[in-house]
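In order of appearance the chains are A, B and C, and numbering begins at 1 in each one.
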Amino acid sequence: MPTSAKNPHLPFGDQRMAPWYGKDIISVKQFSRSDLEYVFAVAHEMRVMVERVGTFDLLKGKILANLFYEPSTRTSSSFAAAMERLGGSVISINEVRYSSVAKGESLPDTIRTLECYADVIVIRHPELGSAAIAAQAAHKPVINAGDGVGEHPTQALLDAFTIHEELVQMDDLTVTMLGDLKYGRTVHSLSRLLSLYNAKLNYVSPEILRMPPEIIAELEAKGIRQAEHNALDKVLPETDVLYVTRVQRERFESEEVYNSVKGAFVVDKNIMAGAKKKMIVMHPLPRVAEINVDFDDDPRAAYFRQMEFGLYVRMALLAMVLGKA
Amino acid sequence: MPTSAKNPHLPFGDQRMAPWYGKDIISVKQFSRSDLEYVFAVAHEMRVMVERVGTFDLLKGKILANLFYEPSTRTSSSFAAAMERLGGSVISINEVRYSSVAKGESLPDTIRTLECYADVIVIRHPELGSAAIAAQAAHKPVINAGDGVGEHPTQALLDAFTIHEELVQMDDLTVTMLGDLKYGRTVHSLSRLLSLYNAKLNYVSPEILRMPPEIIAELEAKGIRQAEHNALDKVLPETDVLYVTRVQRERFESEEVYNSVKGAFVVDKNIMAGAKKKMIVMHPLPRVAEINVDFDDDPRAAYFRQMEFGLYVRMALLAMVLGKA
Amino acid sequence: MPTSAKNPHLPFGDQRMAPWYGKDIISVKQFSRSDLEYVFAVAHEMRVMVERVGTFDLLKGKILANLFYEPSTRTSSSFAAAMERLGGSVISINEVRYSSVAKGESLPDTIRTLECYADVIVIRHPELGSAAIAAQAAHKPVINAGDGVGEHPTQALLDAFTIHEELVQMDDLTVTMLGDLKYGRTVHSLSRLLSLYNAKLNYVSPEILRMPPEIIAELEAKGIRQAEHNALDKVLPETDVLYVTRVQRERFESEEVYNSVKGAFVVDKNIMAGAKKKMIVMHPLPRVAEINVDFDDDPRAAYFRQMEFGLYVRMALLAMVLGKA
């Protein structure tokens, strides 16, 4: 359950009806299993509405401030489209580096300024904890769109929603995470959410890019089955969800080490012959070479649908915190 | 009274009803006391409407071109939000440096191009007089959002509106301006507007950042009481409005001189104990250290409300020049 | 006739009624004479509607992704305004260089991501053929807003529409193209469109900036009368449309050569005394010195009206590919 209500104007009955009204969305840790079910239900409703009518006026008259301290076309466009499809308006603030911030303005001051214009603030910031600082300063709801090595909760929620929409049920799935599991905050957040559903998790990564021990310990404490592997082939046949991430050259000490390793973490049509017929391949995008384009037309390739599901999840979250879900 | 009408399509009766229709807003010198009363009345109406319904369709179908030759997130966002809250649309042109202008296009040509798409143009430009040049080239109304060392009339209008909303009446107030009074165009424009209301003005600044003699002379000719001081404590008890501006390091010859001086121009909770209970502290923002955050929660701290009042003033001006106020 | 339909959901009757529904607009070569007549008719309808009501909700609920890999304020603003005036929404993606693309994402992946949010994509890209690549990847309609040395078809269409609106008929006109005819893709595309109307074409340019032989050959094969000249004065009296382009310093080996040449390709009030009373002067803008500002107020100066006609053409194209024309 969300913890703090910023807009306590709703009568008690409405508060019960709109439990996320006025709340911030900062971390996946805010979400219980029943909260997730609620997000999925609202997001699915959004999907149905978009497919039927494209756009509707649920948030007409509301303004989103899209505050990006570092560029992320994908995430900012997704939030902007979500707001537009709900009939609301968007003010994009991308050139933060040139503006008041460059003059030494603090993050709380920037937030308090923006909320004079806007009804909800989406923030992307390179520093861990910045979204929480913004949320504390704001009287309007704040949604974390990535705070450095911290979290990117809407990505994790859209990942979970994708699994829910594609595979219908979430319990007892075998999810294999492939690639850079050390630095990828995506896989960390997703594994936390999956722990609510008794998933079995396989981690396949280069030695130096393994899932952090603290996350493994956290999930173990919850009784989640986990296993680490060096190669995909053994676990692929049992996999319901293959979550691929990019292995970046910069993580390795030399070009040689990188080259000797990277091939083992590439997915293509050939390799996928060894997987189930009914399973999905996901990727947070952008994809470079870690999934071969020869697999794009396979029905199991869910990564572009995943982008689309992100639209519905962000529509759901905006409607929820503005009391309209 | 405004001087030139660009859209003379209105029948005479409507012209009388909408005296600012088709006008440019370039300078505070365009505004008589009765003009100000009109702006305040419309802006207050906007405040009531925003608090009641958030957004309304007064300017539905109108397009604002937000033309910023230098970045100003605060001002451009405020105009964008103002237009959106009136149901209009915004086209933001921020990257002027990369575009036609870089190919040598003149300002009048850029303006004549933009007005092919837009119904009203807001311009921010680093050069003195540029807004007037733009207004002359345009057939659509132009609003000056800052022309270098020139004016920033909507800032002065929102400052005056803030005083009007917070203190109800404008006459016979004692207004103390603190900080950099030499380079701050904000305080120059505001003092001109206040001269319409028989204010008493106190200037508190470092020796090298005093209010320019020509402004003092201009106000003296109007019979305005003015006094210069080196420190805040003597004038604070009589002050109704304390207008704080930033004292920038770069204005001083050395770090030592700056450090020896800056402390005298910082406002905090402690110092404010010596002020009236009913008065306000204003700041054009961004604020760095010149107002301590320990004062932010004091009811007299009006600087964030001032930002909000800016929204209403800009809504009022847009509606006025588009004939809808 | 357009070649591929991406949205084949329309029943057959509607397909016949909306022949451009779901199509891409990549090249002027897609347009037959009857296609042009259709574009002109829809664009004229848009003009009438904008003059009457400013904005209308033909594309309400639709989202345009304005994807600019290189800056072009003029073109991106024009498309944005076109979409807004049709009641749709715009997501602008200008900072492509900082985003996923910088991480190595391919153009097809970027397009497939964007179309998760948007209903139509406008793309400007520095590389020849990029718009066609984008169109192939996309399931939603793609409009080419310039692909390097390739085409800029909406510019050519607006040029042709300007002639149509200003001179009422298109057949048997004498069109004189002046300036840089070698590198100006504008004049190449326009001359192709004019070949559908039996125009007589005069080319007036510096020796080193002549119309490319392949275009002359292409038009000759269609029986179009063409003539090359070194100076404007001989052909000006017979000219119905004078299309001026910029002669750039960088095209010449030295400042001296450039200076010795440039004067012959400047249009001013004086020179225009030798032209017909009923004719028009066009320019793709931005204009630097190649048309003197002393001619701007002449009724024959059509270059700013040309910008405005661009709005109507882009409105028409957006409505057409979205099945609403």
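Definition applied: a residue touches a chain if its C-beta (ideal position, glycine included) is under 8 Å from a C-beta of that chain, and two chains touch if they have at least 3 such contacts.
Just so you know, these numbers come straight off a predicted model, no measurement behind them.
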item	value
Proportion of interface numbers common to subunit A and subunit C (over half same, under half different)	different
Superposition rotation for subunit B onto subunit C, Cα-based, multiple of 5°	120
CA centroid of subunit A to CA centroid of subunit C, Å	40
In subunit A, residues with contacts to at least two other chains	92
Residue numbers on subunit B that touch subunit C, as the complex places them	60-63, 65, 89, 91-93, 95-96, 98-100, 103-106, 108-110, 112-114, 116-119
Subunit C-facing residues of subunit A, complex	53-56, 71-74, 77-78, 80-81, 84-85, 92, 94, 285-288, 293, 304, 307-308, 310-311
